[in-house]
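Each of the next two complexes has chain A plus one other chain: chain B in the first, chain C in the second.
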Partner chain A sequence: MNPETDDILRLNQVSVGLRTAGGEARILRDVSFSVERGRIVALAGESGSGKSTALLAVLRLLAPGARVSGEILVDGQNIVPLRGRRLRDFRARTARMVFQDPWRALHPMHSIGGQLVESARAADRSLSRKAALDLAGDTLSRVGIPDPHARLRSYPHEVSGGQLQRIVIAMALVASPSLLLCDEPTTALDVTTQAQILELLQELNRDLGISIVVATHDLDVITDIADELVVMYAGAVSEEGPTEQVMARPEHPYTWSLLQAAPGRHPGERLRAIEGRPPSPLTVITGCPFAPRCEHRRQVCETAPLTPVSVAHAPERRSSCVRVTAASAGSMERTSG
Partner chain B sequence: MSTENTTAAGEPVLRAHDLAKHFSMGGFGRSRKVLRAVDGVSLEIGRGQTLGLVGESGSGKTTVGRTLIRLYRPTSGTVEFEGRDITTSSGNRLRRDVRRRMAMVFQNPSTSLNPYLRLGEALAEPLVVHGIGNAAERRTRVGEMMELVGLDASMAQRYPQELSGGQRQRIGIARALITDPSLIIADEPTASLDVSVQAQIVNLLGDLQRELGLAYLFITHDLALVRHISHRVAVMYLGRLMEVSPAESLFTEPLHPYSTVLASMHQEREHRIVPRGDIPSPMTPPSGCVFRTRCPIAREHCATQTPPLREVAPGRSVACHHPGELKLDRSASGVRPEPVGVTFTDEPATRQARPVSVGSVPHTSEEK
Partner chain C sequence: MLAYLARRLGLIVFVAIGVSTLLFVLVRLSGDAATLLAPADASDEVVEAIRVRHGLDQPLIVQYVNTILANFTLDFGQSFMFGLPATQMVFERLAPSLWVVLPPLLFSLVGALSIGVYAALRPSRLSGRALMVLTFLFDGVPYFWLAMLLVLVFAINMQVLPATGNADFSALVIPWTVLTIYGLATLSRLTRGQLLDSFTEGHVATARSKGIHPARVLLLHALPTALPPILAWLGIQFSLMFSALLILEPLMNYNGLGALLVGSVSNRDFPVIQASVFSLAVLITLVNILMDTIVRTVDPRLRTKVAQ
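The block that comes next holds the complex of A and B.
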């Protein structure tokens, strides 16, 4: 499919729809992006942007009734048609998830050790209980839990939030997955703890080579650790590119507005709010979904395609803003064809 | 323990002295457990000023807010509001002196509005409680308030679930303002909102402050936000105040090591000071200085002597034996870098359709 780059994850024109009482909700609209092996990629966007749905779709954890079209390739294998035992094995071994709220990610009535052992043995059934317990202890120590072997006997309520999130990460790591998906892994945590968890994720990426996708609403938090940034809006990708480039020079007015709206860049001034709000997933969008809120909209925006294309003056970047990519329209080619 | 500072404009609207709020967590006799949620907190809020109150979870910042508005009765200490001692006010006096003049905006506008009340009814309720006006006057007042917060008065007939999160928070603010208060206690009012909507609400709060001369106690864990909106900032940790300083000085030259840690979080990664370990349980706070277990510069005597909050410079108070010793890396500004504006290829001559960036960015500087 894609011989020139080694992608651990690749989404090709993925759409997710959900039938609701109000009509067809379009949660993801033609989303394409890829994660190169060994990289950290951030999916950034506000609520309703589809970033969490994209992660859940990769693990096939979407609500029953959700209709997925397009291809999701994990390690070259399309996981959309997986069922039964092969789906279970995929979830247990290949891709693991770290959820936002560590208090809800662990079972309150089971010991931490018990949950880690279960996780490890789901991935490798040949592992003995004893070996799994050793692995659990070693992994806890790897994620920076002091006195790991004592912790194995603790229950989740006995542990602080930052420690719990480390334990949730350890629970994913015991399976040696090739892909770690993190949904707002630091949002529920305090600032000082947040910094610790982000450093841990980066260490794991560097030392173990594990590929990581992080969904976040906070661009500034993720800048330090993500290699690539995928900005989402209304279920579609607005732009993507190397994090530093996107942050320093956005190629989509939405990214720019989002950076401007955050406090901290213009002390003593009014914040630059984005007027209006994102479209409901029930609306049928024609053209650029951000256009109604964009101060740079033109007539061309009404018929703009949803899918980002490469930017002529910055070959590593892709943007869905036609006003950015227009001039190159003749010579450009879709990177996700 | 002198914490009162001279920089707050004029007579403060609210003054708390040595405030404590302890909760009994069960147990009898020797095993009786007490949570000292707030201890020895002294602060003032100037008229028309914003005092930011920052702290991590379990720091007691919400308890301070609720004690000041007298949802809790303080365990000890005093609260003075508009020149009156309201520490033990109750009944009609509490309603007249406190509840009409001090109002609260809550974090989650979805749960702080009654889903069965039309917005107009929810807004008129404080007027009914306080016996203000007749039905027609209340309707007029509700309409005025909705327009003041940027909503159409015709929305009074709607129910909360018909509104977006940002609109609901505007209703929460209108409800707080309807009895014409002088002080608003806002407890994480934007924490459940997206960045783009948060900016709308923060701007609204700023406009209202200028128009109505409101004072705010703005409780938040968001450091960039607190720096943006506060005149002064109080930093809490495990129920105690660590530092009270003007917002800019706190973030550029913090005095307390914990303030330094917080301020460093906004600098580039290599300049950050990440403290070790976790926040201890508020049930069993460390002896001496509560921050010492995570403090990079803790000494032996920090474990035995509790540093009092004392004024070390005009308008700046700190509770540390070694104030100013842990410094920020001076080379980092702490202000996030400005991105370059989007380049539109279809109109290369004008670049931006509207001047939207500051002059320091050459890319968009033609408007200057």
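The block that comes next holds the complex of A and C.
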């Protein structure tokens, strides 16, 4: 870990376990990655890969029985041991969440203004109701809501999905957090509004310098705005690196398969699915979790470490594929033709 | 809101016609009233005179129309047994019965919210589970059995409470206890279930993610979305409690509507039966409209007219 980089978020060997009837479920396995201040980082992976859990873990919003080990540093402070008042203050002021489905994220019986005011005053208790309401109105117009003062009196069911997601983002912004965590922020929206929401996130990142982590299963949607890409599989990080580089030359067979599986990649052909299924969180994994589904599986994969390491020919990138890191030979494109 | 209330209240007319019709049919199906009204050794002429006096000799359709029209002016005729206007008798007994039913309704709401919230906050802890087992026990115990048990223990053995009567407040302790336990069982399980559902909803996660105090999350975020089914059930609980009075009041010799109704059924005192059932039906409908109105007031989704 590089001391001179200014990381707003850093996960160090974070594991999340949940005791279930079927045994201990490992939802995150030794996850490490970092988010530099002012950057947009995408967490990519299919459902069940642990990307949402990673975001929830950062806000300590996991199910009550979940056990977290490792370090989660937000602005240099380890938030794993936080409790009570200090945990609430951290949630209120430092890191805010934008959930997938804006219809579910807002309270159906509270006015939009009421919810924004509550959010602003949770972050700054000295704020008067009036001042909070003004701030809420200004923030709504900042995220592109027409007629913000009328909207403050509306209820969520009276507003369209695209606008609601802007409102959810505004609800986070009134707290002026340094970190915005977005869990599939566009998945519940239709395609035209998806692009607008992503544009808005990019704009907020550029103008306010707010750091953003976006969890997504849709690589095509996110690549335009993300500086860095963290690819997750079965609760572990497969590879990590600058977005264009990862997209152009994946250093992990899973990333490669994921890119191949995207619709539109091979026009006119049948969609390419990845054979098999991800392992259940209840299984004990030795070696590379992707090995059973991997076309390039070798003997060494069974003993491969879970944590990605730097790729020799591209130092800013990391991969957990032993074939890549051990040989440091070619990229996936070369090996898989 | 006013238009909504007016519309709902208008529907009471149909409830009233329905209840009147049903009562008219059921009462006629149950046997010949004139024979019953007459003394056991009365001659046919006497029975016939009684029939004419009470209008029971007219064609059924005439009796029916007269009954419906009279019902709407709250005129149910004179009690066969007591010679008093049936409506007056019912209204005199209504207040004591409400006095038995309404406090337990409030107690069970408050109690159920407390128990439900406590159990929902500790769904897997022993104390939360124990409370739920207790509510199943409450549900399984018949209220009349519980009433008899309490009378036996507190009135007969310990002699600290009166077993019967309207005398004073102490006579209400046993019925209040029984009805509160009766209402508590379902309501507290409903509260717990609704709250547990509410906890898994996205907006509660949002509230937590905003760094809001857990008590505020519970009271202002989780509870409001859990409340509508609880309030709706409260309306149903009101009618269930009133029907329990049909057994509890005669059992404890309490002078309320329940005892009056049961007494007039065994006497075939049609006017009183009709007056009591009619009033009860209207009352229960009113309570349910009240509950629906409260639910509409707290839930803005129900207030919005269909989008333009």
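The criterion applied here is as follows: the second predicted complex is superposed on the first by the 325 of 337 C-alpha atoms of A that agree within 3 Å, B and C clash if a C-alpha of one lies under 4 Å from a C-alpha of the other, contacts with A are read in each partner's own complex, and residues count from 1 in each chain.
Definition applied: contacts are C-beta pairs under 8 Å (C-beta built on N, C-alpha and C of every residue); 3 or more make two chains touch, one makes a residue touch a chain.
Values in this document were obtained by computation on a predicted structure and should not be read as measured data.
Superposition of the two structures on chain A leaves chain B and chain C fitting side by side, clash-free.
By the document's definition of touching, of the two partners only chain C reaches A:Tyr155; chain B does not.
Within the superposed three-chain model, A:Arg91 lies in touch with chain C and out of touch with chain B [touch as defined at top].
In the superposition on chain A, A:Leu282 contacts neither chain B nor chain C. In the superposition on chain A, contact is made by A:Thr192 with chain B only, not with chain C. Between chain B and chain C, B contacts the larger number of chain A residues. By the touch criterion defined above, A:Leu208 lies against neither chain B nor chain C after alignment on the C-alpha atoms of chain A. By the touch criterion defined above, A:Leu106 lies against chain C but remains apart from chain B after alignment on the C-alpha atoms of chain A. The least CA distance from chain B to chain C in the superposed model is 6 Å. Residues 59, 61, 87-93, 96-97, 99, 101, 104-111, 118-119, 122-123, 155, 157-158, 168, 171, 175 of chain A are the ones touching chain C in the complex. Across the complex, chain A meets chain B through its residues 46-47, 160-163, 190-193, 195-196, 199, 217-218, 220, 224, 247-253, 256-267, 270-275, 277, 295-296, 298, 300, 312-313, 321, 323-328. By the touch criterion given at the top, residues 56-57, 164, 166, 194-200, 202-203, 206, 221-225, 227-229, 248, 261-262, 265-266, 268-269, 272, 274-275, 278-279, 294, 335-347, 352-354, 356, 358 of chain B touch chain A in their complex. Of all residues in chain C, only 201-203, 205-213, 220-221, 224-225, 298-301, 304, 307 touch chain A in the complex they form.
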